[in-house]
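Chain nomenclature is as follows: A, B and C, assigned in order of appearance, with residue numbering initiated at 1 for each chain independently.
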Amino acid sequence: MEIFHNLYIGFVVAVHPVNVMYCFIGVILGTLIGVLPGIGPVATIAMLLPITFNLNPVAALIMLAGIYYGAQYGGSTTAILVNIPGESSSVVTCLDGYQMARQGRAGPALAIAALGSFFAGCVATLIIAVAAPPLAEVALKFGPAEYFSLMVFGLVAATVLAHGSLIKAIAMVLLGLLLGLVGTDVNSGVLRFTFGVPELSDGIGFVIVAMGMFGTAEIIANLELKDQREIFTSKVTHLYPTKQDLKDSWAAVLRGTALGSMLGILPGGGALLASFGAYTLEKKVSKHPERFGKGAIEGVAGPESANNAGAQTSFIPMLTLGIPSNAVMALMIGALMIQGIAPGPQVMNEKPELFWGLIASMWVGNLMLVVLNLPLIGMWVKLLTVPYRYLYPSILVFMAIGVFSLSNNAFDVLIMAVFGVLGYICVKLECEPAPMILGFILGPLMEENLRRAMLLSRGDPFVFVSPNKPISLAFLVASAILLVIVAMPAIRKKREEVFVEEG
Amino acid sequence: MKVKSPKDFWAGLMFMGFGLFFTVWAVIYYQMGTAVRMGPAYFPTVLGGMLAVLGLIVFFGSFAVEGPPVPEFSYRPLILISLGCVLYGYLMKPLGLVGATAALVYVSALGGHEFKWKEVTVLYLILVFFSWAVFVKGLTLPFPVWPEFMGY
Amino acid sequence: MLALCASTVALPQDWPSRPVHLVVPYAPGGPVDLSARLIAPKLQQALGQPVVVENKPGAGGNIGADFVAKSSPDGHTLVMGAIATHAINPALYPKLAYDPVRDFRHIALLVQVPNVLVVNNELPARSVAELVALAKRQPGKLDFASGSTGSTGHLAGELFKQMTGTELVHVPYKGSAPAVADLLAGRVHLMFDNLASAAPNIQAGKLRALAVTTVRRSSFLPELPTLDESGLKGFEMTTWWGLMAPAKTPQPVVDRISQEALRAIESPDLRERWRAMGSELPGVRTPAEFTAFVERERKLYAELVKRSGATVD
């Protein structure tokens, strides 16, 4: 059958020693920069682009791709170890992964993240191989109305992220939405809330906010513990997951993979939602949702699988249509164009060895990553036993250098410090940062799509629920249902509380 | 009326503050447009309003429902860590990687429980070397390594 | 083949004496950044000192441009000034901190890329004339997409509207990729996209190209008529960028860099890459011509932006 023939071509290309070498370089580099906070695959790929000019296109693409999905593996490492999300998709891993680390279970957390990512990567690659063109067509069906409804659904789901007061979670989401609006308004070109500061005209960077709210705030909070108790209990239980851990996680991995594969295809924002969505899903189907936020392994397994699956499937629009799903894909397109290859619909037919070679190398890359990362777990766990007074300045240095390198601008580091203070205040007042971060990411996208949908429909608000936009309608209905499901227990609890007060 | 939940009291105020700020600023400075052709002020105004309302609810709730008191603020780590980061950013150009890292390491170390000069200096040297090796040499990021007056 | 010979005044004795910073006022990976990274090694070879690309993105390029305008004019700081930073933004941002003509020496125009008018395949218009007729029959019904407010794609659309007297609705996006996606799906009807990124879709038959925005036909897609030929006389819009330096940079330094840069883009491998970007070799060859070019562009866009009503405040 055709697909076996294609896969055969692909593997022949992928196992060619030169390509294997570049794959290896790519995934190692990717893991490294994923671990380093601030420096992300975008900057790294951009810097390596000139080197790729002298390579043949297949090797170049294999290496760059390796950097990208390798960074997803590395990003979860810092999220679990020190509560710093390297990529937007690792934010959710911080929630339970870091708590697991504090309980001495960093090893199992890291292991499950790696294993789940590996499984997801393999499945997603298979999906690309089998169904890339039809899936790309599905992606094209998402217009502004559909994106808006998806975002609404995502925001309602965001409230599930919180394990405390629902009202405060919603308020944090709103705060995040508002902060996300700082910058240039796409639809009108007007600068909003920038107070004349040019550095704000492109908005506040996500990485900066995340590092401030999660990283810096956490360090400050840790430092105020008056006693000399180590932050991470030196009693490390296991290095690897227990049978119970694996039993708890496998379903989460499956669900996360499915969700991530589907959402990764959507250009612009789909992959981001994958990890958040997976976390929400896990919390909702779990029999003990109160464990989430305190070190539930499903809270790591699901999102990690989702974000890896999403990273792989996000190649689909690029490979089949020449449309980049995110900045990294745009870079890859740039790399190909410089080589004289125009990514688009004909690449699959005109250069099958490029297309299938890349796909096959994704398996190779994922395998390398899991083989690389599992033994490293021991090293990471050992790192946590370093006394905190050496650890935290080091973390700060890496965060600062990472943030500074984004735009070579001191202002960004200042913003990080500001959000550190805000994050600290929120910790004190029991307002959770995760819903805010999600609002921050989704807010501008939601507004942009809402206004664009209205513009295209010439002011017809019913365009979102019209029958010839079934996807949009479906998401809005789902949002309403989810809202009810989420609100019910909270309302019930509040009524109980009030009754107890009066009684 | 006695405040029963101090955390919610302050949280409510915070939310109201943010909400009102965004709403008022947007209404004054940007165009509202209509519901079908939204201007740049529309979204922030509506969202800011919603945030302010929620803040109000949380605020009033703090008088009704019991809640734990706000834990003490530790100003020393807060100020020193933040200061250290800010210094890093702004000292990078004049004092180079060497100077900026020094500022961050020493200032943030002061925010911790113990500060031993020798220890911190060793840590500083390791970190500066590592930063240089990985970022300047390895990733070829264009950071100045030495202070300006020493030339490049 | 070489540009005009350098003046007889000698170069400063010790220039360059340290690494030269080539500031790119955009995020890494975009076309301006890529071309900078391609030309940097060549300049490095020619000048004998490292040429380091430094990204200073933000505010549509203004942060990086302003940074260099205020940098020391000793020949060690250069910038890739683009149409956005030096022609459009001065009109768009009322309080721009630099003057695009007076605060810079314009060393060498490196890249000039035409835009191409593409329409969705389902649209019943196979030529510019048919498109104009369609637009006149349905005023306010056709949507044209662009990568952002104030981009060349947007302003090309505005100029088109003015010159043909049609009413099209502008739909801005964040970057041209999502715009192209909606164009492919038929949610918007037409777009002025840059040649290099539109070419694959055109060649695959996914989008229909009607004309190019330059006065000369593109050697890339020679069958495409120009808008000038199609009834919009004098329509000329390109996306361009090139090397610039702070205003007081010494003339011999400017001339030397100009020489080396032009030599670099004429070398076979860069020529190949430039073609892949859709860029012909620029017609502007000397720093003086470049300055005149920037002046002309600035005036053109000042007029266009004012008439389009696009603003940032």
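Brief remarks on what is shown
In this section, a contact is a pair of C-beta atoms (placed from the backbone, for glycine too) under 8 Å apart; a residue touches a chain by one contact, two chains touch by 3 or more.
Because the structure is predicted, anything quoted here is derived from the model rather than measured.
Set against the C-alpha centre of chain C, every other chain centre is closer than that of B. Counting contacting C-beta pairs between every two chains, the top pair is A-B.
When every chain is reduced to the mean of its C-alpha atoms, the one closest to the centre of the whole protein set is A.
As a whole-number value, the distance joining the C-alpha centres of chain A and chain B reads 22 Å. With centres defined as mean CA coordinates, chain C is found 37 Å away from chain B.
Each chain gets a centre from the mean of its Cα atoms; for chain A and chain C, those two points are 33 Å apart.
Multi-chain contact residues of chain C (touching two or more other chains): 54.
Multi-chain contact residues, meaning those touching two or more other chains, occur in chain B at positions 140, 142. Touching of two or more other chains is recorded for residues 47, 187-188, 190, 408-409, 455 of chain A. By the touch criterion stated above, chain A contacts chain C in their complex at residues 42-43, 45-47, 49-50, 53, 140-141, 143-144, 184, 186-191, 196, 198-199, 201-202, 267-268, 317, 321-324, 327, 330-331, 333-334, 337-340, 342-346, 407-409, 448, 452, 455-456. Put simply, chain A touches chain B in their complex at residues 33, 36, 39, 44, 47, 165, 167-168, 170-171, 174-175, 177-178, 181, 185, 187-188, 190, 192-193, 216, 219-220, 223-224, 228, 388-390, 392-394, 396-397, 399-401, 403-405, 408-414, 416-418, 420-421, 424-425, 428-431, 443, 447, 450-451, 454-455, 459-461, 497-498, 501.
Partner chain A is touched in their complex by these residues of chain B: 7-8, 10-11, 14-15, 18-19, 22, 25-26, 30-31, 35-40, 43-44, 47-48, 50-51, 54-55, 57-58, 61, 64-66, 70-74, 77-78, 81-86, 88-90, 92-93, 100-101, 104-105, 108-109, 111-114, 119-120, 123, 127, 131, 134-135, 139-143.
Looking at the complex, you find that chain C touches chain B at residues 18-19, 21, 52-54. Those residues of chain B that touch chain C in the shared complex are 140, 142, 151-152.
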